[in-house]
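Chains: A, B and C, in written order; residue numbering restarts at 1 for each.
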Amino acid sequence: MEFSAQQIADFLHGEIIGDRDVKVNNLSKIDDSIPGTLSFLSNPKYSHFIYDCKAAIILVNNDFVPEKPISATLIKVENAYQSLASLLQLVDSFKKNKSGIEPLSYVSASAEIGAEPYIGAFSYIGDNVKTGKSVKIYPQSYIGDNVKIGDDVTIYAGAKIYANCVIGDRCVIHSGAVIGADGFGFAPTEDGSYNKIPQIGNVVLESDVEIGANTTVDRATMGSTIIHKGVKLDNLIQIAHNVEVGSNTVIAAQTGIAGSTKIGPNCMFGGQVGIPGHLHIEKGVKISAQAGITGNVKENSILLGSPAMPHMQFSKSYVYFKKLPELANTINNLQKEIEQLRNQIKAD
Amino acid sequence: MEFSAQQIADFLHGEIIGDRDVKVNNLSKIDDSIPGTLSFLSNPKYSHFIYDCKAAIILVNNDFVPEKPISATLIKVENAYQSLASLLQLVDSFKKNKSGIEPLSYVSASAEIGAEPYIGAFSYIGDNVKTGKSVKIYPQSYIGDNVKIGDDVTIYAGAKIYANCVIGDRCVIHSGAVIGADGFGFAPTEDGSYNKIPQIGNVVLESDVEIGANTTVDRATMGSTIIHKGVKLDNLIQIAHNVEVGSNTVIAAQTGIAGSTKIGPNCMFGGQVGIPGHLHIEKGVKISAQAGITGNVKENSILLGSPAMPHMQFSKSYVYFKKLPELANTINNLQKEIEQLRNQIKAD
Amino acid sequence: MEFSAQQIADFLHGEIIGDRDVKVNNLSKIDDSIPGTLSFLSNPKYSHFIYDCKAAIILVNNDFVPEKPISATLIKVENAYQSLASLLQLVDSFKKNKSGIEPLSYVSASAEIGAEPYIGAFSYIGDNVKTGKSVKIYPQSYIGDNVKIGDDVTIYAGAKIYANCVIGDRCVIHSGAVIGADGFGFAPTEDGSYNKIPQIGNVVLESDVEIGANTTVDRATMGSTIIHKGVKLDNLIQIAHNVEVGSNTVIAAQTGIAGSTKIGPNCMFGGQVGIPGHLHIEKGVKISAQAGITGNVKENSILLGSPAMPHMQFSKSYVYFKKLPELANTINNLQKEIEQLRNQIKAD
């Protein structure tokens, strides 16, 4: 993809200063610019970079006044940052122009595929699957029997959705994500082995959920594991059976949430956090990376550490953890001093 | 799937009290009941929920005597909990009624496929693969050359089994699991780069092993990485080359076990546990979530913390970790008091 | 595969002592030997195992002189360990003799496939993909549009490479790895929901990179996430958008590196390490398993703990962490003693 300064200025309703025919095929940062790309100046702190910028085109705010000559073509716009965002979305939409049902895919005769689909080769659409309009299913994806998929959903190559799950409008599911595998439920027997507890529930993703690459969301034993509206899950996250994640909660990579725990809305969890089963985490809770939760958590708490504690408390304790050898030394000295005092008193 | 009260009572040898024609298509919990479903009352603590229960059918124990009218149809059975388990298994078996070899799969001419197979579309069965009877291989799975698979094995969509691995009877392998990728072995060279050490061993899963979604079990450098009978691995677990996991050991999600470590039977590890290489963890060991093991572990130990310590010891130390700022303050005060005492003695 | 003693001796330029027709089909360790296999004696500490060794053939150094009769055929070589490595590589190369384009694969008409390819069934090669010579793409892999792949690359079954990524010469990518999924970038809105920030960059793997099973490397928001020459990543690792990993850095399983962090060359990270975003980790840094980094790290540092500290400092503090209950007890006793002293002084 290549765009001329003229095309970009037309799209952004901007004003060209320089060569309107120069073309770019990518973007670069103004402090790390690359020839043949488009760059942008939004934050005035970065203004001094513009005079050495190697980019072919630079977006600037209308009020930008150069102090020295600039070799690149400028495009002046109302708000350079917002214009950049518009360009990013434009480029992004070109990436996603796939359409049609590729011949080597398998679509069950009983599946109902909505309007304007993309179904990539080697994708498998099971019995009684229903998809909404403008659903894109990339190659090698698996949509099990009876799965329901809303409108404008994107499922990237090789994502797996087990039977009976429900995917809401505008969800994005990345490669390798597994939605609806069995929950980890086994009943111990007398001889020390385990019997599998059948996992007959499903997973429900509400609308606007994003599931990262290789993240796993297990189906419920009974009922549903529910990921509410607007939740964003990063890569390699584990969500166990019967968990519920509240709307607009955002979770970073490699975090794990054990069975039946309920997470409130608008929480933010760092990476590699661990949350045991059967807990309630209320709304607005922030948990730092690698923290290990041990009990229910109240609204808007900020937690850190494994086992986790309130953020400030952990930080204070950790300051003294670092000084423990000194503290121990001080205690040792105190013992000696007391001994001396005792001897002195005796001597007196 | 829909079942009438009559069908369910016949299957469970139960007694119907109410409408024998009412139908259900799912299950729900008595404290979170859903119309049109079957619920159950097993624990007497939950008895009060039955009077407002919205379920169409409720399983109860023979000795249950209602104190108020109940709108649902009751089915009385010997043991409501065990009857529920039977029903779950029945429903589960309906889910798994796939059979036949779907046309778009690839099965090598030299593969020997056992009786009553299911091989889904886009699955790849390599040269000299042997499968037992009633093996179900869902779509997009990869079975490398020379892999041997026992009877009644289920391999879900997109699981990958590298060449030469061995899968025992009744194993269940979930989507995205990777069995037999190369162990992580590299020899440093003088210029700081690394040479790959060929990994020519394999992975052996004994019978009744369950492997969770996106879990990875690496092949041995030489010999076999062995997962013994009855082991249950949750999702996103890493088992490195030449590891051995003892029978009936159960490991929760996102735990990692480094190369050549031997785990005894009947252990239980929480999620996100880390175990370094070349260790021996004896039988019956319990390790809490997020613990980091640092050495061999004796039979029936219970460990916690990173670095891990005996459970009670860690908990006690952690109590004082929380109080470290106070302890430091106390020490500070002691120093002052001793100084005062010293001055007092001098003054005397 | 079976080899006779004669074939092996010819390949290794070794001298046979015993039956030159005996055949082996696998390798085993001298302290855990298996009949019908080839074993080796390199470390003199293991010499006593050779007299009971069940292997059919044993590689020994030229200077090995048996003290008792040995039942196996010996092959004497200059350096038994190096000869073993040569044999491993030989066996390994037989495993990887796949070639040709299997009929059930999809290769876009606009893709340019280099000489001597292997493209397995159900693999998807998108528009304008370019591959070098001797590239092996196992079944069910996904190579998105415009991806460039160098020479002698191996991509195992089911790996996924999103559009526009670049894979250098001699890279190895294991099953389930996802290269180029969207970075985790969302802008909060006033109502608490999030808008996706388009991720239009790519991932660049330089030459000789190995990516473990189910590891995820996210594409950059703009520009490239870069994995430099010779980096080795184990399984289930998360590399976020715009990260850069320096050459010959080696990272163990389940480690996560957040957005825009730059890692220097020749680092070694243990498993389950967490590194937050926007940090600089300089060259030669070693980080122990499960450590949680909190700031920039200087050249050749050795870190441990979560939050991480210099290795020695953490270890010292942890010694006292274990003794905290005793320390607290000592402090308590000191308080009492001071009280006694005070009373004594008063009494005086």
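Throughout what follows, a residue touches a chain if its C-beta (ideal position, glycine included) is under 8 Å from a C-beta of that chain, and two chains touch if they have at least 3 such contacts.
Since we're looking at a predicted model, the values are computed, not measured.
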#### Entry: Copy pair chain A, chain C: interface residue numbering same or different (half cut)
different
### Query
Through what angle, to the nearest 5 degrees, does chain B rotate to match chain C on its C-alpha atoms?
120
### Message
From the mean C-alpha coordinate of chain A to that of chain C, what's the distance rounded to whole Å?
### Response
25
### Task
Spell out, as numbers or ranges, the residues of chain A touching 2 or more other chains.
104, 122, 140, 158, 176, 214, 236, 254, 272, 290, 306, 321, 323-324, 327, 331, 334, 338, 341, 345, 348
### Query
Where on chain C does chain B make contact in their complex?
27-29, 32, 85, 88-89, 91-92, 95, 102, 104, 120-122, 138-140, 156-158, 172, 174-176, 208, 210, 212-214, 229-230, 232, 234-236, 247-248, 250, 252-254, 265-266, 270-272, 289-290, 306, 318, 321-325, 327-328, 331, 334-335, 338, 341-342, 345, 348
### Task
Show which residues of chain A lie in contact with chain B when the two form their complex.
104, 106, 122, 124, 140, 142, 144, 158, 160, 162-163, 176, 178, 181-182, 184, 186, 192-194, 196-200, 214, 216, 218, 222-223, 236, 238, 240, 254, 256, 258, 272, 274, 276, 290, 292, 306-307, 309, 313, 316-317, 319-321, 323-324, 327, 330-331, 334, 337-338, 341, 344-345, 348
